[in-house]
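In the two complexes below, chain A is the common chain; its partner is chain B in one and chain C in the other.
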Partner chain A sequence: MATPAPPLRVAGRALARLRRSGRLEPWVYLAPALVVLGALLAYPLYQLVLVSFYDYRQPQVTGAEPLRFSGWANYRTLLADPQFWEVLGNTVVFAGACVTGTLAVGGCLAVLATRLSAWVRTLLFLAALGAWATPAVTGSAVWLFLFDPSLGPVNQALAGLGMTGFEGHSWTYTKWSAFGLVLSQVVWCSFPFVMVTLYAGIRSIPGEVIEAARLDGASTGRIALSVMLPMLRPAMVIVTIQSIIWDFKIFTQIYIMTGGGGIAGQNLVLNVYAYQQAFASGQYGLGSAIGVVTTALLLAISLVYLRVLRRQGEVL
Partner chain B sequence: MRYRRPIRAGALLGLAVLLAACAPAQTDSAESGADSMEGTLRVWLFSEVDQEPKEKVVDEAVAEFEAAHEDVTVEVQYIPVDSRAERFQGAFNDPSSAPDVAEYGNTDLAGYVEAGGFADISDELAEWKPYDRISDDVAATARVDGGTYGVPWFLGVRALFYRTDVFADLGIDTPQTLDEVVEAGRTVREEKPDMLGLSSGGAYTYGFLPFVWAHGGDIAEKKQGSYTAAVDSPESKAGLELYSQVLSEDVCPPQTCAQMTGNESVQNFIAGKAAMTIGGNFNLNAVDASEVAEDTAVIPLPGTEPGSVAPAFAGGNNLGVLAGTDHRTLSVEFTQLLAGKKYQQRMYEAMGNLPTLGDVQSDAAAADEEIGPFVETLESGTRFVPVTGAWAAIDAEGVLPTMVQRVSSGDASVDAAAAEAADSLDESFGGE
Partner chain C sequence: MLRRLRTDAAGLAIALVVAFPLYWMALSALKPRADLEAGDPAPFTLAPTLDSFRRVLLVEDFGRYLLNSLGVAAAVVVFSTLCAFLAAVALTRYRFRSRATLLIMVLIAQMVPVEALTIPLFFLMRGIGESVPQLGLNHLGSLVLVHTAFATPLAIWMLRGFVAAVPRELEEASWLDGASSFTFVRRVLFPLTAPGVVATSIFAFIMTWNDFLFATTFIISAQENQTLPVALLSFFRPDENDWGAIMAGSVLMTLPVLVFFLFVQRRLASGLGGAVKG
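Let's turn to the complex of A and B:
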C-alpha cells in the first residue's frame, strides 16, 4: 500500500470482513447481555478488586483520612490470620455437606416422583414449591422456632417420647450440631430446584432407549448407571455447579440461625465473615479481599469440575 | 506465538495504569458551611420495643420547636438499633441523605468521629447552662480527643435484680459481695434445678465487664495516646474466672446461657425462670408489668468487698449534630431542647431512662424509690469502653464474648482465652 488508508476506511473494511465471515452477527445478539453483565457484574467486580488493594475503612470512605494504596497488605493480613483458615475450612466442609445432601435428597425425590401416581406427584411438587418459595429469612426463623430449646415442638416431641435428655437441649450450642441444623434448613430450601431439574431430565430420556437396553437384557440398576446417568449428565452438571455456588456463599441461614456466627464464632462461613469484617466493623478493604478470595475459589472449583467432566468425554 | 508476549505485557501495563489511575470512591467531606435557618430539619432517633411513649414526647418537642421557628419543619425518623452501623455509614458516605441531628449509642461515637461524621459543638455547649449539671463521667461519653460531639441524653445503668420470695424460701441473705452473688446463684440452682441461679449470658458484655472492673481489671489501658489490652492482667483474669463460674452447670448452664445477650438474660428473669439477673433501669417497666413484679428487689451489683459497688458501664445515648448539616444553628438548638430539663423529665416518665442532668436525676430518685439503686450505682462511679474507632470492630467481632464463651465451654483455660483476646484487641488497636 503506497498511501496509508484513512483510519475510518480501515475500520469499515475490518467491519465488512467481520460481517462477511459471519463473526459480527453473534456479537450483535450478545451485545445487550454483555452490556448488562458489564454494568452489573464486571464493574462491581472491578471495584471489589480495586478496594481490596487499599487501606479503605470508614474514615477513608468519608474522606476524613487520606486514601492509601496498600498493595497486598489486606491479603497478607488475611492469609496470616488463623481465623480465616478456620473459617475457610468450615466453609468447604459445610458447603460440601450441603451440596451432597441437597443432591442426594433432590435426586432421590426426583426418581421417586417418576414412579408416583399423578396426584401424589402433584402433592409432592406443591410441597417442594412451598419450600422453594419460602424466603431464606422466614425459613430460618421457622426452623429456629421448631428447634427452640424449651418451646420448640421438636424438643417437646422428643421429650414426650421419653427422651428426657432433649428437654431444654440447645441445638445451636456445639459447633457441629449448629452446622447440622443449618444444613437441614439449607437442604430443605434448595432440594426443590434439584428435584425439578432432575425430574425434567429423567422425563426427557426417550422411552425407546430404555426399552432397547431392557431388550438387551440390562437390569434396572445397569440401566440407571449406564444409560440414564450419562444422559442426565448435562442436568447434573447444572444442579451441581449451582449448588456449589449457592452453598459456598451461604449467608442468611448462618447469620440468622447461629446469631451471626455462633458461639465464639464457631459457625462462621466466608460470606458472614466478610460481612462482619467489611460492614459491621467498617474494614471495607479487608472485606473486599475476602470477597475476592471467595470469588477466585468458586471460579477455580467450577473450572476444575468442568474440566474433569470434559475429560470424561462429555461435550457441554 | 511470539506476538503473544507484547500483548500480554500490554494488558498487564494497561491493568496497572487502570489500578493506579482509579482509586476507590471517597466522599468529599468538605463541610458545606451553610447555616440555613429554614427548611427541613431531619432527625434520626432509635426505634424502641415499645415506641409509642417515646414518639409522644418527641412529637411534643417537635411541636414546640416548630412553633418557635417559622418556616422550619422537623422530620423525625426512627431507625432500628440493630442496623445502625450500616445506616450511619450510609449517612456519612452520602451527606445528602444524612440527618442533621441524630441519637447514637455512646460506645459508637469514637468510630463516628474518626469517620468525620459528627460536628464538634464544644463552643455552643459552653454557653448552654444546663450542660454544667451533667457529671464529668457522663459528659466524657460524648467526648473524643478533646472535642465534644453531643449531649448525653439518657443513661442505662445496670444493677442486680433478685427474687425476694426465692431468697426468703431458701434462707439466702442479700449478697454483700460478688462472690456471694455467685454463691447465692449456686444455692438456688442446687435447691431449684429448674431455675437459673443468676441469668447472665456469655454474650452479655455489660453484665460481664463489672466483674472485671470490680477486681481492678480493665479491657485496655491508655498509654501515651494509644491503647494496650489489659484483659490478660491478673486482676482482669480474676474477674473472668469469677464470671466463668456463673456460666457453669451449677449457676447458669452454658447450654442455655452461653449465647444469651443482655436482653435475653433479663427475659429469663421476667419469665420467672431465674432467681437473679443483671438488669438495667430501662428494664424496670417490663419487670413491673410481669408476674414477678411483687417479688423483685433491686440493689447495686456489689463489688469484691462488702459495702462496695461493682463499677457499672456508663451506657447511654447521646444527641449529636452531623458534620455535614447545613442547619447547624437549628440542629444545636433542637438538640438542646430535646436534651434539656423539660424533655429529659418527660423521657424519664415515658421510658424509664435515667436522666443525665443532675437535678433531674435527684428529682427522679426522690420521687421514685425504684430508681434509687441505679442512681446509687451511677454516683459510686461508672466506667466506659476504650474511646477508639477500633471499638466498633472489636464489638462486631465479638472479641469479649468469644473470650467468655471459650472459657465457659471448656475450650480454653482462663489464661489462654484472655491471652487470645488480648492479642486480638492489640491487633485492632494497632490497626488504626
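Let's turn to the complex of A and C:
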C-alpha cells in the first residue's frame, strides 16, 4: 500500500507547477482585491443570512444568554407583523414615486436642453451639476431649512402670497407630506444623472435619421414616438433600472429629514426599518432578516440589469 | 425666434429653481445670525459675514471632523485604487480559466446593497477592534476598511478599460528589455493608466466623503473620531437649530465634491457617475 504524500509537499509541487507555467501570476495581482472583497463583502453577506436564522438580541450580544438557532422564526415574525407590510408598501410606493419623478423631470429637461441656446443650456447643466454633486446629508439639511415651518423661505413665500395657512406649517408632520418632502429632495439630486444621460443619447441620434423621417412626412410627435424613443431605449433602460436600485435603498435622506423614520415610524422604509430594529431595538436577528429581504429584492432587480447590459453588448 | 426666446426663458427659470437650494445654502451661511433667527426672507444680504464659518470651525471643532473625513477618504482612495488596479491587470492582461466568472462576480459585488450589510459589518468591526483597536468600532480605521471594500468593485470595473487599452507590443518590448512582469506593471502600465486612476480615485473619494450610514453606526461614542456628515447632524438641536452653522458646515462639506464633479463632468454621462449617488 502506497503511503499518501504529505499534503504540504503536494501543495508545494502544485504551486511550483503553477509558477512554471505563469498561471500563478494573475492570482498574485488579484490577491489584495480578493482578500478585501472576501473579508468585507462576501463574509458579511454570509453572516447577514446566518444571523437572520438566529435569535440574536441584546442579551446574546453581551453574552448574558447563549446564542440560539431559531430557524425561520425571524422571518415568521416579520411576515406576521403588519408593520413590516406597511414598511414594504411605503418602500415600494416611495421608491416608485421617486423613480417616476426623477425620470419625468430628467427626461423632460433632456428634451428641453436640446432646444435651448447654448449659454442657457450651459447654465442649466451647471445648476444640475451642483444639485448632483451635493452630498445626501447636506442636501437633506438644506431642504429641511428651505421647508422649515417658521424660518424657511418656502413657507414665508407662500404666506407672503396670501396663503396664511402655511405660516408655521410643518411639512414633516403628516406621513405623505413628509414623504413628499423627501421625494422632492431625491428628485432634485438624482434627475441630473437621467438628464445628462438621456441628453447624450438624444445627441447621438444621427441627424440624417430624423431628416429622413421628416421627408417621409412624419410629424414632430410621430418622430419623437417612433424614431427617437426606440433609439433611446438602451439609455432609458439603464437610467430606469439604476434609479430603481438607488431609490429602493435610500437611507440618509429619510433618516435625516424625518428624524429616523417619522412620527411613530410613519416614514420608515426597509433600510431604515432594519437599522432601527437592530440598533435602536437591539433585534439584530430580525434586522438581519429584513436586510436579507432587501438584498434579495435588489439583487433580483440587479440581475435584470445585468442581462440588459449583456444584451446591449457590454464586453465581459 | 419668439419660440426660441420662450424656451430659453423656461430653461433659465428651471436652472434658477435647480440652483436655488445651493444659493440659499451659501447665502444663509453668510447672513448675520440675528437676521437668520429673525427669519429674514431677503434673498440677499447687505452685511455678509464669516461668523457662521468661524463658529463652526472654532467652537464646534469642525476642522477636526473635516480632517477626519479627508483622512478616511484619502486612505480609501489609495487602498481601493491599488487593489482595483492590480485586479484589473489580472483580469484584462491574463487569460485564465475563472476570468469570466470573476468578472461577473465583480459586477454582482458592485450591486450588493451595502446598506443591508450594516449589521454584520458592525459585529465584524467589533470583533476586529478586540485585537486591533485602530481598525475597530469608534476608530476611523473601521470606515477605511469598509469603504475600501465598497469602492473596489466599481474601481475594478472602471479601470479594466484603461488597462486593456495599453497595447500588447509595449509589454513585449519591456519584456525584451529584460523587465519582469511586475516592473512592467509598475513602471509602464500604471503611469499609462493615470487618467483612469484619477477618475476612479475621485469616485472613491466622493463615495467615502458622502457616507453617513456607516459613519454614524461605527463611531458611536468617540466624538473626536466623527466624520463630517455625523458632525453636521449634531448641529440639529430640537427647536433651536443654528441654521447659520448648519449651512456653513454644509458649504464646507459640499465644496470639495463640487470641485471634483467639475473635474470628471465629461465622464458623468457614460453612466459611471451613477454609482456615486445612493
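Here, the second predicted complex is superposed on the first by the 249 of 316 C-alpha atoms of A that agree within 3 Å, B and C clash if a C-alpha of one lies under 4 Å from a C-alpha of the other, contacts with A are read in each partner's own complex, and residues count from 1 in each chain.
Here is the rule we go by: a contact is a pair of C-beta atoms (placed from the backbone, for glycine too) under 8 Å apart; a residue touches a chain by one contact, two chains touch by 3 or more.
Note that the coordinates shown come from a computational prediction; the quantities given were computed from them, not determined experimentally.
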item	value
Which of chain B and chain C A:Val36 touches, first, second, both or neither	second
First, second, both or neither for A:Phe279, with chain B first and chain C second	both
Chain B versus chain C as contact partner of A:Tyr173, first or second or both or neither	first
Partner chain(s) touched by A:Glu25 [first = chain B, second = chain C, both, neither]	second
Per-residue touch tally on chain A - higher for chain B or for chain C	C
Touching partner for A:Ala64 - first (chain B), second (chain C), both, neither	first
Chain B versus chain C as contact partner of A:Val51, first or second or both or neither	both
Those residues of chain A which chain B touches in one complex and chain C touches in the other	47, 51, 279, 284
Touching residues (chain side chain A, partner chain B) in the complex	47, 50-51, 53-54, 56, 58-65, 67, 69, 149, 168-170, 172-173, 259-261, 263-265, 276, 279-284
Contact set on chain C toward chain A in their complex	4, 7-8, 10-12, 14-16, 18-19, 21-22, 24-25, 28, 36-37, 39, 41, 43, 79, 82-84, 86-87, 89-91, 94, 96, 99-100, 102-104, 107-109, 111-124, 145-146, 148-150, 152-153, 156, 181, 185, 209-210, 212-213, 217, 228-229, 232-233, 236, 241, 243, 246-247, 249-250, 253-254, 257-258, 260-262, 265, 268-269, 271, 273-274, 277-278
Residues of chain B that touch chain A when the two form their complex	19, 22-29, 85-86, 89, 92-93, 111, 114-117, 202-203, 254-256, 258-259, 389, 392-398, 401-402, 405-406, 409, 411
Complex interface listing, chain A residues touching chain C	23, 25-34, 36-37, 39-45, 47-48, 51, 109, 112-113, 115-117, 120-121, 123-124, 126-139, 141-143, 145-146, 148, 150-151, 153, 156-157, 160, 188-190, 193, 196-197, 199-200, 238-239, 242, 245-246, 248-252, 255-256, 271, 274-275, 278-279, 284, 287-288, 291-292, 294-295, 298-299, 302, 305-306, 316
